[in-house]
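We just call them A, B, C, D and E in the order they show up, numbering each chain from 1.
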Amino acid sequence: MNEEKVGVYVCHCGTNIAKVVDVVDVATWAGEQPNVEVAREYKFMCSSLGQELIEQDIKEKGLTRVVVASCSPHMHEKTFRGACERAGLNPFLFEMANIREHDSWITDDKVAATQKAKSLTNAAIARVVHHQPLEPIPVEINPNTLIVGGGIAGITAALELADAGNHVYLVEREPSIGGHMAQLDKTFPTLDCSACILTPKMVDVGQHANITLLTWSEVEELDGYLGNFTATVRKKARYVNEEVCTGCGICIEKCPAKVLDEVFEVGMGTRKVIYRPFPQAVPKYPVIDKENCIYFLRGKCKACELFCPTEPNSIDFTQKDEILKLQVGNIILATGYDLFDVKRIPQYGYGRLKNVFTSLEFERMVNASGPTDGKIVLRDGKTPPASVAIVHCVGSRDENYHKYCSKICCMYSLKFAHLVHERIPDAEVYNCYIDMRTPGKGYEEFYHRLLEEGTNFIRGKVAEITDAPRIPAEEGKLVVQVEDTLIGRQRRVPVDMVILSPAMEAKPDSKEVSQLFKMGCDFDGFFTERHPKLDPVATMTEGIYIAGACQGPKDVPESVVQGAAAAARVAGLINRGTVMMEPVRANIDQDKCSGCRICNNMCPYNAIVFHEDRHVSEVITALCQGCGTCVAACPSGIITGAHFTNDQVFSEIEGILWDVRPEKVLA
Amino acid sequence: MSDKPKLAMYWSASCGGCEISVLNIHEHILTVDEVFDVAFFPCIADFKVHHVESYPDGYIDVCLWNGAVRNSEGEHMAHLLRQKSKFMVAYGSCAYEGCIPALSNLTSKEATFNTVYFDNPSIDNPNKVLPTESVQVTEGELTLPTFWNTVKSLDQVIDVDYYLPGCPPEPPQIWAVLQVIVGALLEGKPLPPKGSLVGHSGVAVCEECPLEKSEKTITKFFRPYEIVPEPGVCLLEQGIVCNGPATVGGCGALCPQVGMGCRGCYGPLPGVEDQGGKMLSAIASVIGAGEAGMDEHEIERQIEAVVDTIVDPAGTFYRFSMAHSLLERAKVNGKGE
Amino acid sequence: MSAKPTFSHEISNLMYKSHGNPTKSCIQCGTCAGTCPVAEYMDQTPRRLIGMINANLKEEVLASNTYWFCASCYHCTVRCPSQIDIAGVMYAVKRYSIWNKSYSEDLVGPAFSEAFVKIIARSGRSYEPILAPTYMFSMEPKEFVQEAFNATKMMLKGRIPVLPTRIKHIKNFQEMIRRIIPIGGES
Amino acid sequence: MKKYALFPGCSLEKMAASYYRSSVETTKKFGVELQELEDWNCCGATTYSYIDELLANTLVARNLALAEKEGLDFVAPCSACYKNAYFTNKYIKEDPDLWEHINYALEQDDLQFHGSIEVYHIIDIFAKEIGPEEIKAKVTNPLNGLKVAPYYGCQIVRPRKNGEEFENPQFFEEIIDAMGAEPVDFAERLRCCGASLIMTNRQAALEMVRVLLNNALNSGADVIATACPLCQVNLECYQTAVNEEFGTDFKMPVLYFTQIMGLALGLPRKQLGIGSELVSAAPIFSQVMVKEGK
Amino acid sequence: MSENFEPVIVGFLCNWCSYRAADLAGTARLKYAPNMRPIRVMCSGRVDPQFVLKALRNGADGVMIAGCHPGECHYVSGNIKALRRFVLLKKMLRQLGVEEERVQLVWASASEGIILAEKVDKMTAEVRALGPLNWNKTVLGGNGHPVVKAEPVAEEV
């Protein structure tokens, strides 16, 4: 029989537990169980008096193990571990039985609840005697930070950290930072010029001594763990030497080849083959689009090289992709979002009906530096529409596409209505919405402003958009067919232009990115935060944070808040220098490993390495996150998962089944 | 008889291979003969039960028991020999953990009889005769032992001092164990603690297996006759179920070396409660189907497609350890009986 | 726990699971009514009818002509963002009203369907010349003339059958129907 | 020769006999045999579902069981029959309880359904089994210049079938294109014709027909191609009523796509049942050179 | 006895999703069957099939394994490994005569307290309908087998 002395403490939690569970009975009964030295019940175990009770018993009665039967360990495990530690007992020699959330709160049956409380308490007692003292693992934090994504969230995070004196690597896939915000004309509800507020921040990033800006680059691999990540970054060849280029733009002017700009201008305009996505781009160096470059295609041209005024010449057709290895302590992902492909809803006619636009196309159109110099015109490039319908919830709030609400569309659809009123005062504007969602400072007021401006609001989800007229008034028009649910009648609204407000959706490669960074991603492809309420920028993987729309639909202010929040979390870790990590880790007995290699591809963190020379596998403790998958897989039973060993769980099973298990006797 | 230590060996539900294995220790058998007097060993010497009954308690120094306990006769003999022996050794897989006979724990006694006496192409039993426990003949009553529903390992019937795994145990291991016993009996050297599993390597069979092993992802399993294994490569990686990783070594990895997956006869590694459960876990872990990010049902469907290629998982993973497994037997017709 | 089932429950219970979400998941967006080719002839739009079902307005729902005017084109069903089988709901309300004989008297739909069902039960196949008179009595004179004119022209083109066809073992067939419900078999 | 069980349904017996004939004749050209399902019964149309869903499914299941007994996949030319058969086949497989009930009833007619067959619409046979490439190869009389409005209607594409396009299908256009004719951009091609309302809500049905005819005319179509006897009758035989009601002057020929296909394949008009229309299809013959075979 | 039979179900709940779902069910005061006795593991991928067998052998009438939804595992794909093991285990348990309803794998995310509660209720009802398992008495027939075998001690010779 085990020599351990266990103290058991059953909590009333006021009446939360005691109302349903007979706590006195549970404590008395627990006192009779093997190894139990003392069993008590108390009103509030988590109170300072309750904790003192434990400390006192450890000191006076020489307890070697402690069990508290109270609430969820997610609530107070830390509290009671602290009490044990203060009394000189290793905190891992403690176990908690959850008789509140899992018991007293889920049933009114007092008998069953008391029985279950005994089971859970007994399981903890049976388990705790097998516990071993464990020490937290100290990890040093590399003060450099990697930020992936140069939209407004990434820019904010980078500036926050860099201003606080920390070095940041900002990696952006496109040739310039700025993200979607750089494409917008105005921001709601204040109607600030998007470029005017964003550009200074982009410039700050470009010039900051603490920021290494890596645009036209992508993270390809990630190794390591909190405090010590190694990121492999591919810096794609720009064919422009950044060391000498002054960004004068003569090469762009002289380049003879033009292509449709599918990225920044969303197909609404063209760009040169050597290009900057937009005039305020940061960095200012252009990039050669190799796929369309006449020189790369046919072996001659080199107009850009010919006209480049720098000495030596900035154009370098021989440039190769560079592979960089970055050593960082923390990572912030701010990879942003994409727009829903509206062609997936054929009844809205996008692609077939030429005057159906997407929101981003309209943004570019109304932008003064956009393809139409800010004029709102039909696809012919000249006719201003006399009537415009704006369709909300395209792909949002729809189980056939995305079930969630994209949150920003109501507001930007209102902004569009305003811009149409502003630029074409006589135009009729229809906003077709399911519900008007305008929570936010100044947002509802903006809605009222639009009501006053005379926008026609139709409450109803648009059923279809057609060019087939039924009556003469519809001829030559786009007809928006919708039920006006406020009057309960189907309406056919003839208009010249339709703007679709598509859902915000996760980047198409978000699943791969989440695997690359070894963290979670939800069904819709948005990255999963550690806790939706209380820990919205951390992820389940320590040292990796998320900010902005890669976590879910968000507008600019929210993205900024998240960028700053993630930066604050990282700065906190950098300040501490060293963090202690939970010692719940796996370990392979090197003498007993047969080298069968079953466990080798179990680990999502690549924490298991195989030593070819000794034919054994080993767990790299710092990489291990303690899930125990390898422990369950090991056919030889020689991988132990600290704090969740087979012994401990087997004892817990026996303990939890105390009332139904067969007698432990030999025949 | 001389005052040499007394050796006994008895068989219960087993194939007889264990007896042969004792004789298969080559010239060392002469040492055995030199050291021991045989007190009971039906396979090699003509002793009767009444001889054993006549011995005083503890007269036999070492009794090697092979075979699972399947019927009342086995149980009776186990108790008798326990009483007469100082050390009771569960010799071989049947005695240790049930072995092949215990596979009938997956079904009922009735079903077993049905297969053995009626439903088998090689059986000619037109009168549907079944063994009965008692039959009257002119000479008097003849009896047969009671046939149990469940096959048990030796330690489920009597107290066992040592376990020697293997089907059968391999000569070097037998000899090593005998040496320890002889050393203890003749020179007073210390014995391993009671209840020890002796005669094995302590590490899984893979340690002794020379085949090249790499990371495993299996998308289809083959039965041995369905595939010619590629030489030199881990059989499990080729989709041949090999229990090596979950089986304690000591055998020298004989089977995998000739292209036959380890059947698991040495039983689980010390500290593992259930060899089948562990092997199942390992095999399932490396199934190459179902990736995160796919539809939940699609994942399940893909995994099921691979699992479907594993024929008879219980029989495969518990080929030797059924009686000693956590569940010991199957529930048949709503119960065990 | 034996609370009286709400009307939306009763309707959902009349539909197979595979028919999509229950009416309770409706977000009242109006896609169904915006889509419906018959919406303007209905006294309630399909969206309103679902709202009324959810509001437990059983009498008003049954008195409506909406569900009888549904053309079963399923366009609402495939577009519904809550994946409610709206056409299926219309069927379910029809069944509810027929079983409870609680439809509006001036509707042609119920009479037509009952006549149709009886013919099938009698011969196993449909036969327009018998079917037609059973509902044509309710038509306006102009429509009646149009219909008769059409029928005559089709007859001349050989497109109207002279004799009804029927299936071989009609007794078995009727027994089969009777195993499901007594309707139809008896008449 | 690939063989299918053809389920004519009540309307193909007489009212749409030309659809029956043209289906059999055109598929034959591609080595596909349509064998009429022995002893079939009415599928219950939409009306049976008004009375009892289980009964409606049982009626359909009887036909499926008959086809299964012959070992043939099931083909329905009528969209309503097809929808009933397709979804009954699907629901039964998804719902073991329903399956059991149905087999209990079928037992009475010495039948059981095992769920081993597929259900096709006749247009699936052309669109998916034969395919536009093969059609193109067999066309001897390409209908150059003929503008055809492909009318899908409701129940070929709806309700939703897994993985199939229901808002923007193209297979009908592809078939018409394969015949050498020109599919017109027919915006209302998926809109309901109102056939099931013609007896019960005439006003609505006639308006629905008007919308369709109007759109077909505006899109420049010479003829509407249908794949359903109810759509055909509704769009064609009620044109006079529509004209009377709305003061319009529609004379839009409405043919089964199999009839048009037959012309492209060079089959004689008579073999395709052309001539029994109430709105003459003659204008289209003057437009296309029709080389008729024997 | 079987009239008032209340099944005992051992639940293995992953720390991040289903344990939190159970916490949430409690916090929301949802009332559901108290028959499931939870054991916390870090990940459903930690559930060794031996745990399931051990629980059945030790008197449980059923075992529920609960984890995060596929694709949402805190440890990326531990739950997929759990699913792989579960599928094979289910097949083997069928051979051992253990009814399918007695061992179930369910997914419940941290926010799905209601779903977890529903699944516990459903499983409890299903196992209640099956009746007690009581492996030692019913299956082993009270043959007096020891639960704890004289566990062989490792000894290399």
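Definition applied: a residue touches a chain if its C-beta (ideal position, glycine included) is under 8 Å from a C-beta of that chain, and two chains touch if they have at least 3 such contacts.
The shown structure was predicted, so the numbers you read here are calculated from the model rather than taken from an experiment.
**Q** Identify the chains in contact with chain D as well as chain E, in label order.
**A** A
**Q** Counting one step per pair of touching chains, how far is chain E from chain C at the shortest?
**A** Minimum step count, chain C to chain E: 2.
**Q** If you tally the C-beta contacts, which comes out ahead, A-C or C-D?
**A** It is C-D, judged by the count of C-beta pairs in contact.
**Q** Chain A to chain B: how many Å between their CA centres?
**A** 54
**Q** How many angstrom lie between the CA centroids of chain A and chain D, rounded to a whole number?
**A** Centre separation, chain A to chain D: 50 Å.
**Q** At what distance in angstrom does the C-alpha mean of chain C lie from that of chain B?
**A** 70
**Q** Quick one: report the Å distance separating chain A from chain E, using the average Cα coordinate of each chain.
**A** The answer is 32 Å.
**Q** Which positions in chain D touch two or more other chains at once?
**A** 167, 211
**Q** Which chain A residues reach two or more other chains?
**A** 347, 511, 515, 521, 602, 629, 632-633, 646, 650, 666-667
**Q** Which chain B residues sit where two or more other chains touch them?
**A** 156, 159, 202, 271-273, 278, 281, 285, 292-293
**Q** Let me know each pair of chains that touch one another.
**A** A-B, A-C, A-D, A-E, B-E, C-D
**Q** Touching chain D in the complex: which residues of chain A?
**A** Touching chain D: residues 345-347, 466-470 of chain A.
**Q** Quick one: which bits of chain C touch chain A in the complex? Just the residue numbers, please.
**A** Residue list for chain C touching chain A: 21, 27-36, 39-40, 44-45, 47-48, 79, 81-83.
**Q** In the complex, go through chain A and note every residue touching chain C.
**A** Spelled out, the residues of chain A in touch with chain C are 347, 393, 397-400, 434-435, 459-464, 481-485, 488-490.
**Q** List the residues on chain E that touch chain B in their complex, please.
**A** Contacts found on chain E: 48-50, 52-54, 56-57, 69-71, 73, 76-77, 80-81, 83-85, 87-89, 91-92, 95-98, 107, 133, 135, 138-141, 143, 145-146, 149-157.
**Q** For the complex, which residues does chain B have touching chain E?
**A** 96, 106, 149-150, 152-153, 155-156, 159-160, 163, 173, 176-177, 180, 192-193, 195-202, 270-274, 276-278, 280-281, 283-285, 287, 289-294, 296, 299-300, 303-304, 307, 310, 312-315, 317, 324-332, 335-337
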